[in-house]
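Following this line, the structures themselves.
The same chain A turns up in both complexes below, where it pairs with chain B and then with chain C.
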Partner chain A sequence: MCHLRAASPTPSFEEHADIQAGRETASDMFYLSATPQEAQVQQSASPAPSSPPPHISIRALRSEEKRLGKKGVPIVGSRRRRAALKTSSQIPFEQLPYQCFQEARKILQADREEKIHQIEVQRARIARLEAQDAAVSGGELYKKNRLDSMRRHLEELKILADINDPLIKKRFEDGLGNMNRPIYRYLADRKWRQYKRLILDQRITQHNIVPDVLPNMDPVADVDVAFSQRIVQPGDVVESRRTEKPPTLRVQVFDKGERLVTVAVIDSDVPNVEKDAFDFRCHFLACNVPLSPVTPSMPLGTMPKENVVLPWQPPFAQKGAPWQRMSVFILQQREGKIVDVAAVKENTERHGFVLRSFVDRHLLKPVGVGLFRSKWDEWTEGVMKRADIEGADIEFKRKKIEPLPYKKKDGARYR
Partner chain B sequence: MLLPRLCAPTRAAFAASRNPHTTSSISNTALEAIRCSNAAPATTILSFVRHATHQSEGRANGPKDGPGKRLGAKKTGEQYVIPGNIIFRQRGTLWFPGENCDIGRDHTIFATQPGYVKYYKDPLKHPKRQYIGVVFERHQTLPVPPNAARRRRLGMLAVKREDIEEAREDAVGDLVEGANSGEGMVRETPREDKVPQVVKTGNKELVMRPGYMYREANWQIGRAAEKKGVKVNKFDRGDRFTAWRKRNARKERNAESRRLRTKKK
Partner chain C sequence: MRTSAIIPAFRPTFRCLSRRTTPLLSPARPIHPRSSQTALFSTTAPLLKRSKKGEQKKDIRITAIQYHLRHPLNPRPLRLSRLRALRHWTIHRAWQLHKAASRRAHELELERQYNSMRDACEALRLIGDDGMPASAGTPGGTMGKELGRLYRVAMEKKGVWAGVPIEYARMQVDYPSREGWNHGWTR
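Right, the complex of A and B next:
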């Protein structure tokens, strides 16, 4: 999990041509990818397929993976799977000598044909209804609802057509799924909801992110926060020297299309001694960041200047202060609505930035969240000095609570 | 082994003697006849005993009216409390801990933050429960609306850090020349006005210290244990046994000194 998954090499698929393309790819039933480019990738990922070395140290494997990652070669599957691939006889699916297996494949293919036929029928129906006059089809609202439900059914059919395809399953598990196709998005969403989202939900509740920073939130996008190539588990305490440089986000959305998002990193535990309470501080703010299912990578350090409202300020917690919750929010902007960065820049300050009102003002919808925590450690002082932040010479100490005056009871009563 | 077989004839004889038709039937009827002929009035004594079904003595039927347990509210609504103050004593959970409150082992509700006590219900949290909470300002109310940011108190003071390493002038010894200019040359011999007067006694070097006395320097005294090789175990918070021993030793010492004091008087 320590590597960010690279974007798929062939992102330009049209949505309506998906099924056609899928049918073609389904025919190449090679266990390894059939296209020469992918085959080459496979070979470079597994340098010596003929003679597997008897024992390789993890360190050697890791350095090899790092080398390939730097080259831009996607690393396929897990280490175990790559090792298995090296030793397996790579016979294509149609030539496998298992009669039952071949019969089962035939059934699956027939089912797929049927689903594709249903898709065509559904598309024709939708086109017919769209062309129809609203008065004939029972009113504008009725027509809209009917079209919505028909489109939903069409999406379901698209997924059902591909869900039983072993090659699609293999490609998804190898991390080679094309996120433009609904089936891969569906599989990725399901996988995320099975484990990562549950953890995230728990952390949001445990750290009270939801009532404190935003009134409510329903994460629909998978957000990974990575400092120097290392993903932080939601809610982890991260050393201040690691968080000095801005993180790279991997934001995977599971619905189609490009959209603009606002990215905000908020510290919700800034101590305020005068108020005897906590404030908010914004550590990063960027608007109008394009995001689509195939472009999940979002390096905060190299964002174009016209998008950035507040550049990265390293998170810090002064000595003695309680740990500070840093939350990374992905806020989806309304369709076709662009935030005026210059205007936002003018009336936005880091200290006292309230995300609730910002979200309300710009009609944003929170879609994803990432969490980490920061604490005073031995590197914080240096980090603060380098970033020109004052207050490293201050230490927080607990205020003594005055005891209530003791009321002396009348001794005579107790004699 | 032979016993059952030997006993068999005896058993048969015994069974025959117990047969009512053969021997005892005659005698029974005779007795009845005698009873009937005896015309004396029968004195029928009804010996009717009613045994206890409940235990009347013992613990279960003891005094009903024991000492009161002093339960109930110890602080009223809006009263000021500090952390640890007991707000309510109860058997079971008549009241539940709300904001800035907690519940003890015997269901006592106590405050965890300084503030004002509020008794309230929170139907969104639980439809039937009643809660005791503490708010920071008297005018604040409970329950807080759902999805509102929590009210939190810092409860801390900002002070200057003590462990900062400053430009340490005092750390520069008298062997260092030009300490202020920053060159930092080390002299061969100490400065003349800093040459200490030394007296040797035994293997100790006693120096004239401020206060006009010859004694070891403070750092030497501080290192005495190290020189002697005294080993001190590192303090372990969880080592309760050592803590207990030390505590008892201290108590003993104190008691001893107290005794001595009283003797003097």
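Right, the complex of A and C next:
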């Protein structure tokens, strides 16, 4: 629902009520979105899910929830909580009549207005410097650095203006945050770094994905790998019947704008008996995939044909071979640079695919990584048969080491 | 005992442990003599009748001691409802903002005072022979002996401690010094 109004000079109660109801006012978007294009993207209205009166049966409640779910309305809170809210007084949160709370809100609003004023000032300064001749402002490099630092400060101010808003906190915790707004991206990033990224970092290090597959890696995007709608924890061993169908990735980036990425799924533990070592194998490769903060879903199965270089091949580990690490890489392409898929298709093979060389050749920047493992199990044979992969009958065995001939020692020594 | 001070309700239990001439139990609530304490000064556990449920009754002294040992000094953590917590958070953030703003104002005020003192000293230092600000451009030898005399006098550190013993120059605090009062001190 598009909801645009003339910007009022001071955010009133009404405006805050709007924010609570799931809409964002024009004045908010004017200040806190980076571009006018971002401002156009509005969140759909989410009216409070109407729960029927308490005498209605559970079945009716369930069907009501199902109906709302089909409409795409998120249901927040338990049934019990929703019923409690339904019967309680309908005073909006920011109008609750607690004196200390209201005084606190006044302080926060004053601070927000001050921050918004600072944002305006900073924008005017940036515009002035941009219009200035480089010779006057001390050289091209100096001007560029100065503009960069001013823009960084502007982004900080945008976050500081909203960080103390309780409704923004609430909406973020409900998962209703609009990722086009910098504050929600900031909060999501902070949350990700507090736990998920630490785990991911640990798993990458434990399994030596860095430096085995890529020399170094600084994940800046949250990647969830989900097989049949169930998210795999980084590093989990996944049954081969689950990995037969291509996964759906949820890639959440925390910086604004749309970019093109390359997705690669690499098996880095393919046993090579001749070399007595391990090789790489590419199980999926797609280029020029558009990605933005608001479109995190990336189903690998339904990707357009013109983007896919190597379609999904189910991961498999032959009998007796150790588990194999499967890593999913999200590689950001350079601004405005498009990878020629047809050319890549011609000179790319699954076996022996070296991601380092690919990254170097196409000037890619690794932004996100997902990780799981595959192992021989009772379903692998069927999976390999259905995918026309040979070698299901091969079993790897340890090379038997011949014992050295026993030499009888002189018994007299031990007497 | 420190914990007993926290919960005055348990004081009577402790008072009854003291050796007093008054009877331990009030006549209004007679308890069977076997199930209560018989000897006030005995430290051995009295043999008490088992209750019907099979659990042995505990000495009230043990109960009291256990209560005070197990009762945490910290109050239980706050458990707030969601909106209550959100209101709490709002107030907390506003308080932090207010504190930061007042701290900043204080710092700025200190800075302003320091700057004005420094400017005053600079002005003193530049006063020439004739009592006027001396500058390099002024002809007529204002850079004489008297240049900045007032400044030098103001910066004099001689006799700062005259009259006040140096050992009394400590931070003024609400509690006594570690050594207490030195009665034997003479000048």
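As a working rule, the second predicted complex is superposed on the first by the 309 of 415 C-alpha atoms of A that agree within 3 Å, B and C clash if a C-alpha of one lies under 4 Å from a C-alpha of the other, contacts with A are read in each partner's own complex, and residues count from 1 in each chain.
We adopt the following convention: contacts are C-beta pairs under 8 Å (C-beta built on N, C-alpha and C of every residue); 3 or more make two chains touch, one makes a residue touch a chain.
Predicted, not measured: the structure shown is a model, and the values here were computed from it.
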Kindly classify A:271 by the partners it touches after superposition: chain B alone (first), chain C alone (second), both, or neither?
first
Contact-wise, after the overlay, does A:98 reach chain B, chain C, both or neither (first, second, both, neither)?
second
Based on the superposed arrangement, let me know which partner A:170 touches: chain B (first), chain C (second), both, or neither?
second
Which of chain B and chain C A:72 touches, first, second, both or neither
neither
In the superposed arrangement, does A:336 touch chain B (first), chain C (second), both or neither?
neither
Could you say whether A:411 touches chain B, chain C, both of them, or neither, answering first, second, both or neither?
neither
Would you check which partner chain A:111 touches, where first means chain B only, second means chain C only, and both and neither mean what they say?
second
Is chain A touched at more residues by chain B or by chain C?
B
Once the two structures are fitted together, what part of chain A is touched by chain B and by chain C alike?
none
Across the complex, what residues on chain A touch chain C?
93, 96, 98, 100-101, 103-105, 107-108, 111, 164, 166, 169-170
Footprint of chain B on chain A - complex, ascending:
208, 210-213, 215-216, 271-273, 275-278, 318-321, 356, 392-399, 401-404
Along chain B, where are the residues that touch chain A in the complex?
80-83, 85, 114, 146-162, 164
In the complex, go through chain C and note every residue touching chain A.
83, 86-87, 89-91, 93-95, 97-98
